[in-house]
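Following: one structure in structure tokens, then a few remarks.
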Amino acid sequence: MKKQPETHQPPFSGITTFSRLPHTTSVGDQEFDLAVLGIPFDGLVTNRPGARFGPNAIRQSSIRCRNYSQQMEVGVYERLRAIDVGDVTVNPFDYLETFREIENRVTELQQRGAAVVSLGGDHSILLPILRATNRKYPKLTMIQFDAHTDTSDEGWGQRFHHGTPVRRAIEEGLVQGSRIFQIGIRGSSGSARYNDFANDAGIHILNMEAFHDAKLRGEFVKTLHEVAGSDPCYLTFDVDGIDPAFAPGTGTPVVGGLTSFEALSMMRSFRGLKFIGGDVVEVAPAYDCSDITSLLAATLVFEIAALIAIGRTG
Amino acid sequence: MKKQPETHQPPFSGITTFSRLPHTTSVGDQEFDLAVLGIPFDGLVTNRPGARFGPNAIRQSSIRCRNYSQQMEVGVYERLRAIDVGDVTVNPFDYLETFREIENRVTELQQRGAAVVSLGGDHSILLPILRATNRKYPKLTMIQFDAHTDTSDEGWGQRFHHGTPVRRAIEEGLVQGSRIFQIGIRGSSGSARYNDFANDAGIHILNMEAFHDAKLRGEFVKTLHEVAGSDPCYLTFDVDGIDPAFAPGTGTPVVGGLTSFEALSMMRSFRGLKFIGGDVVEVAPAYDCSDITSLLAATLVFEIAALIAIGRTG
Amino acid sequence: MKKQPETHQPPFSGITTFSRLPHTTSVGDQEFDLAVLGIPFDGLVTNRPGARFGPNAIRQSSIRCRNYSQQMEVGVYERLRAIDVGDVTVNPFDYLETFREIENRVTELQQRGAAVVSLGGDHSILLPILRATNRKYPKLTMIQFDAHTDTSDEGWGQRFHHGTPVRRAIEEGLVQGSRIFQIGIRGSSGSARYNDFANDAGIHILNMEAFHDAKLRGEFVKTLHEVAGSDPCYLTFDVDGIDPAFAPGTGTPVVGGLTSFEALSMMRSFRGLKFIGGDVVEVAPAYDCSDITSLLAATLVFEIAALIAIGRTG
Amino acid sequence: MKKQPETHQPPFSGITTFSRLPHTTSVGDQEFDLAVLGIPFDGLVTNRPGARFGPNAIRQSSIRCRNYSQQMEVGVYERLRAIDVGDVTVNPFDYLETFREIENRVTELQQRGAAVVSLGGDHSILLPILRATNRKYPKLTMIQFDAHTDTSDEGWGQRFHHGTPVRRAIEEGLVQGSRIFQIGIRGSSGSARYNDFANDAGIHILNMEAFHDAKLRGEFVKTLHEVAGSDPCYLTFDVDGIDPAFAPGTGTPVVGGLTSFEALSMMRSFRGLKFIGGDVVEVAPAYDCSDITSLLAATLVFEIAALIAIGRTG
Amino acid sequence: MKKQPETHQPPFSGITTFSRLPHTTSVGDQEFDLAVLGIPFDGLVTNRPGARFGPNAIRQSSIRCRNYSQQMEVGVYERLRAIDVGDVTVNPFDYLETFREIENRVTELQQRGAAVVSLGGDHSILLPILRATNRKYPKLTMIQFDAHTDTSDEGWGQRFHHGTPVRRAIEEGLVQGSRIFQIGIRGSSGSARYNDFANDAGIHILNMEAFHDAKLRGEFVKTLHEVAGSDPCYLTFDVDGIDPAFAPGTGTPVVGGLTSFEALSMMRSFRGLKFIGGDVVEVAPAYDCSDITSLLAATLVFEIAALIAIGRTG
Amino acid sequence: MKKQPETHQPPFSGITTFSRLPHTTSVGDQEFDLAVLGIPFDGLVTNRPGARFGPNAIRQSSIRCRNYSQQMEVGVYERLRAIDVGDVTVNPFDYLETFREIENRVTELQQRGAAVVSLGGDHSILLPILRATNRKYPKLTMIQFDAHTDTSDEGWGQRFHHGTPVRRAIEEGLVQGSRIFQIGIRGSSGSARYNDFANDAGIHILNMEAFHDAKLRGEFVKTLHEVAGSDPCYLTFDVDGIDPAFAPGTGTPVVGGLTSFEALSMMRSFRGLKFIGGDVVEVAPAYDCSDITSLLAATLVFEIAALIAIGRTG
């Protein structure tokens, strides 16, 4: 397996994999550094469904993600042996089975030494990803772009919907609250106590007003680097962290969010951290306009890969 | 409660109920003839989700459904005391609870003597509707517009998904196969034996080729009238029975379907049957174009109401 | 002035006039046979506005309407010296002023011997067109494609909205009811008496059920030819006569309408009548999908021109 | 009447009122603090019509506006007894009658002590709202987000179109020019003298270049607080103040506008002022993309309510 | 290689190939019966470009094309060993190179005994396909669904644009005019002599008026069977043969076309002919609405495969 | 010829020229200052085609570009005698012929003393424009808004595709690298050496990270003014320089770009330079949402005209 070929085919041509990477579902004994993994599951959303079509929409829009990130100043596929491993076998009617499949698949890939970047799917998939990741990386720092803290509790009797993965991850001890850094939080909620769990858990929250305060933003980044140090980092990116003008194709949009540039620029400030994986979730193509959301999501996946490349190879 | 008011407000004005009918959720001791009931549940679909937004999209497009149906030649709201009873309290994560709520709500409304027309929601909701209906109307004839027979079996371990309600209804004895009449069946399937259950159960199927054969269509209608006689009839309308050009806003579209006119004209041939209820399901607004699917669905609901009016009052 | 040039420019090139016809707003002493006239007025609609953008959308989609109609078997611009005379100066806030402008402009063009085909605009513009036309052609036969009879009465105190032009034209003696032929009528209305005025006036109505009865359709066409004889004919085409699947871009769509082919085929049966003008109205581009409605409207304008060519030159 | 219920129903369920508030059209003797009022009138627009469908689109998108505003740090429906009072009975053909209805309805609601937040509708509705408001609050400070100053004059003979309400309000003495604060002004105009009236009247204008100058913006806010003091404030929000990327669904978009975040952040700086009402206007759903404009408008209505809550209760 | 697996994965999951078929680009020594081949080239269109994105859009919409065609009554992938061979390496700037690549690739696949069904791309690709096919099948009958005869001549100096492939094929002796059968021809053209070449060449044309005449349609099908006999047949399907309501996503739409059902039903009448290949072209996804055109195209590809299966295996 | 008339017609009325300017294709001996020229050619794009429809989409959206730019504080059409000269006669199949036509047309217009602002079309058209411009203005400073440097090399054997015009212009000596100023560069590329040509040529590049650094941005503008001095300046604006949220309707979108305001504000900093022409390219309407991209493009054309007006008249 080699780096992404400078294929002679034009970008709109050929069976579509992420960034035109080689594809295999049976990884066998291959060695590789980066696995792009689709998780087309949206069974736990509270508002607009449709993120099950996210992985293939992101792949389709990724055809122009090349090798060299001008944003991160790194040649991603020069540094990483990367592969598109296809999709987890989800069960649209059974989240428990789906969670097991996700956990097993991520574990298998991580055991081969690969960093895994997942294409969602709704944000509930974060929990089984973290369950797998915790085995290999028990001391994880997690950065989260999101409009919501995802520390909500049971809704309509369901403990594991897409508004609760961060709460469950903390409860299950998969990641400490004080090692979680959230960016883009905003909007309305049932009560002022909505964020009590997050605050009690010590989550670092950079809400939108704070994000636009250069001093607060600088301190947040500084603390992040202090906390993470050289320990493994994971980046979970809910596209609703971005403003609906830039990412209309999502299930629970909230106005007043980040611009694409602000998110990319923030990610650039994470260079030097040791990323071991990530995900981009909540892309619902039925609500997209001219594929701008899936293009954004593909770019975010690519830039996460760039951070991984920097973290692995300096 | 009176018939739909010839309101002074223009159609685009006011809180939206179906056809601008009076609205109440607590029906109390009121007497009425027709209840329009939303069922915003889409938890059991195999392809595109989104029918949870169907009921309110249908209501919004129903604002120009007036009183007199030129198609059926009847003044619907002159004949029927009608009401929009709002939505069933669904649980997006728990189909069992949702099915119970549907069954209870429909039972309650039918016990007051009302015909119930439901706005879906995916087609899985047919089963609890029939469970309720069977109590009051054990000898039911069911007419179904659909691209699919919905006699599929368990998929991904789930017995009750939106491709199985007709099979389950027959198995549960809620309606006899020989009293089911399906129109618009077409497309591809796993094998030629796909329809074995339907055929063994004696379902009358008018597939698209047969529909366009005037003789076969005539015989189908004749048999329907013979079978139904003056017994109660129920009409379940999956909008994917209609061609995607006329109904793009649905979850599992199949090309080569009925035109809107063909469906309306077919429905006209049902005049004289004693309709006691019906539903229009699988409207997924995120896939609609300029609301043509929800306008079609609203019209179908209205014409079902017209058939009920004729059946009740001659 | 010559026939439409077989220009060397590709169709998507150049300032856009209808069918790439020569354009002038000051017709001076020119002689010509056909004037295409835009009337961007939508101030009298009861539901969705936006037909003010109809004329330019139709022009944009007309770029591929060439010279020879295969449907009508005539070379339109070989037979007719045609010109796009631009738009009437409408006043969006003053229908009386707008009506006067329309009437004056149409009169001026007709006095030069030109047939006028108007691009709407909402259907209220038919009244001032008929006021002008009546001066030159007092004994007119009018054919109307429409979902509605447009014989409604005052609404919200307004006598001249887009649902009343046919009633007002009859009342003003501009055209006799028995010389009006309506095709495509359908839908719901306030009461069974909705069509009383139309029936009392003797309007010939071919509703959708009747349209699909070959015998009734044949008789309708036969009667039309008997009534019209060699007297002047006018064709007014409300695009909502066509089904919303074919014409979503309109203000008051009604499902169950004509297909495009059915309308074109019906128009072909009018060959031999002496058409002196026509219009295509109610194109609301904001509701269109990929310009299919404006393409249809442009084609209808072109085929009306073909009928005029046949009527003028045999 | 109680605060918004923490309903068991999912957000996409139930008859749609603003923010799922209780609804009544006959307020009787009820006491309440906030009335949300729809005004579906777009008869006075100069470009794209369609804002008549604004109120119901905003309601539909408001289903996720909960109780607690993270932006304003207040529990809105804990503080305010709020109600959706439905729509004013507009006459699409008669602005005079519509203006009277608006004025009467707003007066009636204000006399009960309620703050009124209106859902437009085009911006011409501001004038009758101010006529009503002036009775109760003769010394009003008005803040306006808008791309246009709306101090234009007669157009096509019409004094009261959607480009003139601010001029007329000043002329009628409803609000002093020096107590008007406009944000977001930009674009092209007939001449440099376009803003003469606004300047002569002493309106404070923060155009887009000035908005991005932190010093000028700070001074503008400071002056606003000095002028308003503890006198009543009104906030009128034309969504075209926001950039078309964030608010495509409007009638006269102008590029180069505010982002959603910039508007929300600006509104946060108004905390402490004594808001007694407001409106969000010019939402034209036919031009929206995936409802991002109506979601933005719903959020703006909610945040105006938050400002009212703070102003009322500290 | 086996028939399409009854995969456990839901349809929206996994890397997308046509109908979820196995994929390989290097066919090696494999034996197979059917090759689905993408040709993403649109360099020779006269109006709207964009068909370069057709192959992948068709693949995406093909996920629900299963095995058994109810229309043709055959289990396609039971009968045929089928494979998605990916895309021809096109050069968007060099049609000569692209034509050579197409010809070589089709030749290679046909030499292995496979029937090739191509996904366009614009209709110019028909010429190199026929050049290849002519080697193996010199006596070919060709059936063409299309709005245009594609017997136009040089335009802007280009002999081989998408309006000329049929003329060039006849001129090059690849297929005799009298063995060509065209369905769906309609619209306007430069002159009445537009079809002279087609008529002189003896092409059988069933235009839209003739299509709707059951007698003429019957004779056309009868003649087709007489001419084709047991000789090889090829089916080229330009989606603009279908009406824009059913297929908006195409480059040169013409109103008044076939419905999807009419096309499928016509194709059913071809059973018994010995199909050795086919194509579906001119799918331009940027103009599609909710993927109805690509779904239609996928279905047409599948039904062509069904005809091939019947022709091969009886 | 006079300045843009303050026409009595509403903006949505009349045959559409840019900004409702007078139109002529044969300029004869007229004297004028500004020519708006359409170039509907998109034959050299590497990804999404469709910019051939750009010029007329921009014209349609320009109807509200009046006379006075608030951004630039100048009355454009008071200062400049302006005219819409229609479109270059392009050949969609022959870029060489098209390039000659462009070069000739621009030369002809410049020789009359007019500044030419072109409406693209893809960015390849810049080369022939610069060939013409170089004759009259051999010492040119060029400012370029773009996501890409357009200094790529041959692709698929084509030297002159839309990614190479800047490289070719430098190679042909039409403009010196050190006199080129690029703004908005970002995204991914094949390798880190992607920009080698640009850097070697001395192009001044303000990529997105640098743009957001006020100091770097200030220096860039300062250098620009120093280099340009009072020599002629040309502004080429690829709309993909703007973020896809603001400009979805383009062929090769890259996330993380400029906002509309940032671009306009940057352009304001160019006041005082002596602009002699410009272009806005890569508007692909099929990918636009509610015309926000073409509205932006029209505004950019207008503001370029404003800069020209300032440069000509102080």
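Note that the chains take the letters A, B, C, D, E and F in the order they are written out, and that residue 1 is the start of every chain.
Just so it is clear, contacts are C-beta pairs under 8 Å (C-beta built on N, C-alpha and C of every residue); 3 or more make two chains touch, one makes a residue touch a chain.
Everything numeric in this text was worked out from a predicted model, so none of it was measured.
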Any chain in contact with subunit D as well as subunit E: A, B, C, F
Target subunit C, source subunit A, minimum contact steps: 2
Type of subunit D:subunit F copy interface by residue overlap (half), same or different: different
Pair of chains joined by more contacts [C-beta pairs], A-E or E-F: A-E
Most distant chain from subunit A by Cα centroid: C
Remotest chain, subunit B as reference, centres from CA atoms: F
Geometric centre distance via CA averages, subunit F-subunit C, whole Å: 41
Length of the line joining the C-alpha centres of subunit A and subunit D, rounded to whole Å: 37
Touching two or more other chains - residue numbers and ranges from subunit C: 8, 10, 12, 46, 52-53, 91-92, 156, 243, 245-246, 259, 287, 289
Chain contact graph, described as a line, ring, star, complete graph or other shape: other
Contact pairs between chains, per stated definition: A-B, A-D, A-E, A-F, B-C, B-D, B-E, C-D, C-E, C-F, D-F, E-F
Complex interface listing, subunit E residues touching subunit F: 42-46, 48-50, 52-53, 91-94, 97, 155-158, 161, 286-287
Subunit D contact footprint on subunit A (complex, rising order): 46-47, 156, 185-192, 194, 207-209, 212, 243-246, 248-249, 252-257, 259, 287-289
Residues on subunit B engaged by subunit C in the complex (per definition of touch): 6, 8, 10-12, 64-71, 73, 75, 78, 243, 245-246, 259-261, 264-265, 268, 289-290, 292, 295-296, 299, 302
Sites on subunit B touched by subunit D in the complex: 8-10, 12-17, 23, 38, 40, 52-53, 55-56, 59-60, 84, 86-87, 89-92
